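Look for chain A in each of the two complexes below; its partner is chain B in the first and chain C in the second.
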Partner chain A sequence: MVLVLALGDLHVPHRAADLPPKFKSMLVPGKIQHIICTGNLCIKEIHDYLKTICPDLHIVRGEFDEDARYSETKTLTIGQFKLGLCHGHQVIPWGDLDSLAMLQRQLDVDILVTGHTHQFTAYKHEGGVVINPGSATGAYSSINQDVNPSFVLMDIDGLRVVVYVYELIDGEVKVDKIDFKKASTSTSAP
Partner chain B sequence: MVRKKVPEWLNSTMWSTPPSQPSSFNDDSTLLRHSPATKMSSMKKEEAESISVTPPPSTASSVPSRRPRNNGSSISGEYGNSSVAPSSAEDFSRQAHLSAELSKKVINMKELRSLASQSLPDSPGIRSTAWKLLLGYLPPERSLWSSELKQKRSQYKHYKDELLTSPSEITWRLVRSKGFDNYELKSGSRCMLSRSRITDEDHPLSLGKASVWNTYFQDIETIEQIDKDVKRTHPDIPFFSAESSFARSNQESMKNILLVFAKLNQGIRYVQGMNEILAPIFYVFRNDPDEDSSSHAEADAFFCFVELLSGFRDFYCQQLDNSVVGIRSAITRLSQLVRNHDEELWRHLEITTKVNPQFYAFRWITLLLTQEFSFFDCLHIWDALLSDPEGPLESLLGICCAMLVLVRRRLIAGDFTSNMKLLQHYPTTNISHLLYVANKLRSKMLV
Partner chain C sequence: MIADGAGEDEEKWLAAGAAAFKQNAFYMQRAIDSNNLKDALKYSAQMLSELRTSKLSPHKYYDLYMRAFDELRKLEIFFMEETRRGCSVIELYELVQHAGNILPRLYLLCTAGSVYIKTKEAPAKEILKDLVEMCRGIQHPLRGLFLRSYLAQISRDKLPDIGSEYEGDADTVTDAVEFVLLNFTEMNKLWVRMQHQGPARDKEKREKERSELRDLVGKNLHVLSQLEGVDLDMYRDTVLPRVLEQIVNCRDEIAQYYLMDCIIQVFPDEYHLQTLDVLLGACPQLQPSVDIMTVLSRLMERLSSYAALNTEVLPYFLQVEAFSKLNNAIGKVIEAQEDMPILSAVTLYSSLLKFTLHVHPDRLDYADQVLGSCIKQLSGKGKIHDTRATKELVTLLSAPLEKYNDVVIALKLTNYPLVLDYLDSENKRVMATVIIRSIMKNKTIIATAEKVEALLELIKGLINDLDEPQGLEVDEDDFEEEQNSVARLIHMLYSDDPEEMFKIISVLKNHFLTGGPKRLKFTIPPLVVSALKLIRRLPEEGDNPFGKEASVSATKIFQFLNQIIEALPSAPSPDLAFRLYLQCAEAANKCDEEPIAYEFFTQAYILYEEEISDSKAQVTALQLIIGTLQRMHVFGVENRDTLTHKAMGYSAKLLKKPDQCRAVYTCSHLFWLEDHETIQDGERVLRCLKRALKIANSAQQMTSAARGSTGSVTLFIEILNKYLYFYEKGIPQVTVESVESMIQLIKNEESLTSDPSAESFFASTLRFMEFQKQKGGVVGDRYEQIKV
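Moving on to the complex of A and B:
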């Protein structure tokens, strides 16, 4: 039972001051085992804040990130799932499912997490699942001015994943749930 | 008993040195023991003989005759056995008697209790069944055993399912029960994954009181504490702490039992030390040669642990420390007991050297003497504790008092530091001897 927090596109301090207080009150240390961040934090203070929630932090580079040392893409294995991480500004057209599917096949992962559109989406295609956690601060993007803050928490338990989507709509936190599972593979790595 | 002087039988040289083998005793007792038919009459004879040898004060002589017959045989047995290993004849006869008792259709609890009060033999299976009977887990009627066991074991399984399943598991069961079609990765078409709104239901970051996730995270601290303590239990005994999968599964079982107990008793939750009380119970049940008992040791141990702890619950609750049922009052009672039996010792300990009984008796009482003696000696002591019809606390206080009285010479000669050292690292003693003295003290109390 592994809890993985996926968020990104915070754009602090340029487009937003901080995470919404209702989100901050929920994100307490000790509950989450991994954080995967799609990028565009942009400053070190946010990096440090995320580190306090969970020491295992994975970040990829967004186009506005001030730390140039993050990599462009990352893959990691959690439980039985392979997760891929990329900011998404590299994938043209932005947010297009076919192109993202190509990236997913390239990275060879079951779940691809990307951002940049500041809009939560969750698609399924033949190669796997693509999740976009949206913007955790509700920062505006070049294509969308009116953004609801959102982030994603995944509960990976064996071959099953439950995705909890937290959105701030009209000042209230709404939680949605998506569940899916993976067929057990014949080549299982111990 | 008018004078508070130490009775002579207590100061008799018999207790501090190996007996110079009053051989006439031993021969008579072993001869007599080989004829079970004459057992009852022989016991009276042995008592008479034992009384004639020691010069007891008048009150002490009335004591042996008042006690149940079985203890009579043990007294004379002790003379021959106090510092050597029990003679096989004596052991064999007690074992035979016990096995006979335990295989009856309806067990005579009084008989069992009196047999157990001088500790049970170590042969496999006897202790396990005896403890289950003494703790009231099994009813005295043998015919009811299988139905009782089945019911209790299924109840424990139910507790485990209810309390120990992870929140993820619970979520998936809900999903399955609602018949949702789980999406499979890498199957079929591309589409938006459908979402269902669950704001009012449970989610991992929920801070609500009724949230399964919230309780899970709050329990993590308890779980960690239990985990640490179980790993530290009896590191010298392979059953608990070897690298084998057997030891690991034992640790898992103990953790489950303690966690279920903590969740069912939100009032006292888990307190450090409960693992020490659980350890002997679980060890005895798990090592039962009977396959059925051994495989269900976890469930059986849970209920027996609850039963045993029910008499001592109040000691674990901090608010009750100073109340009549709390630990302080138990310590005071012990102190009173010592004073009644041995005024000189009491005065020396508490007044002259200012050794507050709380310094040593706290651990003796709350952990039921598990930390003072070796594990296997503890099992013998617990036989006596569990056999007490008035509850283990009475016997416990008696044994603590006996422990003090047995080292009285060293205590009286010592100062604060040496007495504290002695009492906090109690020297190894002959357990049957200790139990005998404790029994004698208790029966004197009833005078």
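Moving on to the complex of A and C:
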């Protein structure tokens, strides 16, 4: 059982002061093995904070990020799964699942994690899963009118991943979960 | 050298004295063991003669004294046994007075007196009276102090207190109090006399020695406080007046300071509260050089803690009008002292403020009064150079924040900003950070423009470059941290009422635009977001009875946004401005404001052309342009065409071929919006794709020319995916043949190169096509037609 925290689009301090306290109290150091972040933190302070939750932090560049050294895309393997990470402003039309699927094919990953729209989605198609953890602070978005703070926790176990989404709605943390199973361990078709 | 010599000599004398002492003690013990009273007395007297020395410092004398104390305990036990064996205690009391020298005589008398009291053959009070009077025989300060200290020590458990075995008809606690007061008075007189002993040049040494002895005098007050019979009435009517009388009359600075403080620390706070008048009344009568400020501060601190821990006594504070009494007393003290150092005055007011906050938390006017008095003291003194005084001011100003946990209340104190003004710029920033931290921690929302204005005044150290000499540069990291905290603060400035909210952001705008260029990149973005959020909250045009004439309208806010963003490029933050313009364009799009949206796009394009020259930055910027433009539905044909044409132009002019290719095929999405039939132009979509293909080809050629190897086939696969995207949507111009020829092209290229990632990309694309075929229906049919 491997726990992966996926979050992003915090936009601190431009659009939000900080993560909601209810989220902060849940994100306890030592419980999570990996963090993948879709970008738009925007300041080093947040980067350091995430590192205290888990030192294995993977992050890609959002268009408002201060640190220019983050890369545009990243891929990593966790257990049986290959994960791809990209902020999402590079994939146009923004939020378009077909276009995101193309990126997924290009990176050749089972799970693609992107952000930018500040809207949680989890979409399964024949090539795999596209997950958007939304905005962890509920930051303003020109794309999405109604933003609730949200983040995703993935539990990777063998060929199965359970995606838990945590959303803060009217002051209460609501949890939902989605199951995904991978067909086999083969990486590319012959 | 002389001092060293004296030290050495002192050691010698102490050693000599101790040796003689020990010898006599040995003989005394031998006499005791053989029940020889006469010899015991003889040797004990000789032993005690060592205490007649003038050669020892208090510290060394104490050493000798302690030995004597121990030996005298043995003697006392012997006396007690003697009386049991039939010796009359009155006779014993007589006998000891035959000792030759007065000092040993008195020590022995006290010892015998102790036994006398224990036998209860006479009332305790009479014996105690006798002893305390007899001790007048020693007027030498050091010896007298220790002698009386001995008397105090051995009498401690024999005082006729309430509930003590020595209480009787004749003996009451009044007598006990009388005894202790008398001993105290005499001891104080001796102690004060030390000040004037010896040559003037040794004054410092004497004062140090006095300081070592002060607890001997203070102990008497301890004893008084511990007597059961000393209740509030006795304290108020007898003890306090007598002690204060002695303190005032002795006219000695050291004694006055120590004893005033002693009273405050030793007696219960409840008593102080009820005798506040008397206590404070003594203050102006003290010597001018006494540090009365510290005394008063400590008094107020004790009363504050008392109030904090025992909220049920708060009504008493009101009853005795503690606040006004203290306030007046402080005023008088400060008036009397012309040269009071700033630190003392500030500390006084700091303690008074803490007192007020704890005791009268609902009386903001009291707190304001205190601040006002503080300002009066500070004014006319110019800049404060004492760093401790400045730190004390920061503590003073932080106190209301900590107490109320609500900055809004602190904002109500009219004198608060005036006090803050007296800090230097570094501490103004420190204070500003304290205030912001309080707001963030307590999640205080500041909801009116007026309060925001007041708040900005308080934190102006962070908003503006103050008139400080340029030499003091703030550390960069600190500056960033400060400005980021200001940015976060902006999210706490919020009103539900749109009109009020607009006023708030206008206030912020005024302050930020005059705050210097370095701060803009931190302060403007959150302000922009606040404004954009406000637009969303505005009622629909139709609902608003005032329509566009309302004081707050979307148009007004867009104008506002323009004003603040245009300050950024020269900051210099052109990239930031560029991004914010596009955000505003999207907002205008949602409000159906075509001219405004067009204007924002124009500004963004200008910045792209003039300021964004780094090739990587251009790629991202173009992605943002195309991504935003793709979502615009507000533009009419002409405007849309102009903007699209420009975007295409930028795409083709990117430096690197692969970037060009990608930007161009991305532009294809500008010609096909799903939900807007007016923006569906298949012809131009195809043109984009073909153009992208051309660029990909030339990129391929260049790589083979320059490097000898053939380049990556990835671009072709990306283009193929785009073909499939539009083919699936049923665009007539994207034909089956065009798709098939792409596939063929890729297959050819693939055989020439070996690029594993490209291969897997192509493979997954084929898998995707197969999967779509399996879906059946319209989509399945279309994919069915493609021959791979």
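Throughout what follows, the second predicted complex is superposed on the first by the 184 of 190 C-alpha atoms of A that agree within 3 Å, B and C clash if a C-alpha of one lies under 4 Å from a C-alpha of the other, contacts with A are read in each partner's own complex, and residues count from 1 in each chain.
As a working rule, a contact is a pair of C-beta atoms (placed from the backbone, for glycine too) under 8 Å apart; a residue touches a chain by one contact, two chains touch by 3 or more.
In this text the structure is predicted, and so the values were computed from the model without any measurement.
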Touching partner for A:Asp170 - first (chain B), second (chain C), both, neither: neither
Touched partner set for A:Asp18, first chain B, second chain C, both or neither: second
Chain B versus chain C as contact partner of A:Val129, first or second or both or neither: first
First (chain B), second (chain C), both or neither touched by A:Gly30: first
Which of chain B and chain C A:Asp157 touches, first, second, both or neither: first
Contacts of A:Asp110 with chain B and chain C, given as first, second, both or neither: first
Chain B versus chain C as contact partner of A:Ser142, first or second or both or neither: second
Which of chain B and chain C A:Ala183 touches, first, second, both or neither: first
On chain A, positions contacted by chain B and by chain C: 101, 126-127
Chain B residues touching chain A - in the complex, by the definition given at the top: 166-169, 171-172, 175, 180, 182-199, 201, 203-205, 207, 217, 220
Interface residues, chain C side, partner chain A - complex: 440, 481, 484-485, 487-489, 491-492, 522, 525-526, 529, 532-533, 536, 579, 583, 586-587, 620, 623-624, 626-627, 630-631, 666, 669, 714, 717-718, 721-722, 725, 728, 757, 759-761, 763-765, 767-768, 771
Residues on chain A engaged by chain C in the complex (per definition of touch): 12-18, 43, 45, 63-64, 89-90, 92-94, 98-99, 101-102, 105-106, 108, 126-127, 140, 142-143, 145, 187-189
Parts of chain A lying in touch with chain B, wherever the complex brings them together: 1, 3, 25-27, 30-31, 97, 101, 110, 121-129, 153, 155, 157, 160, 162-166, 173-183
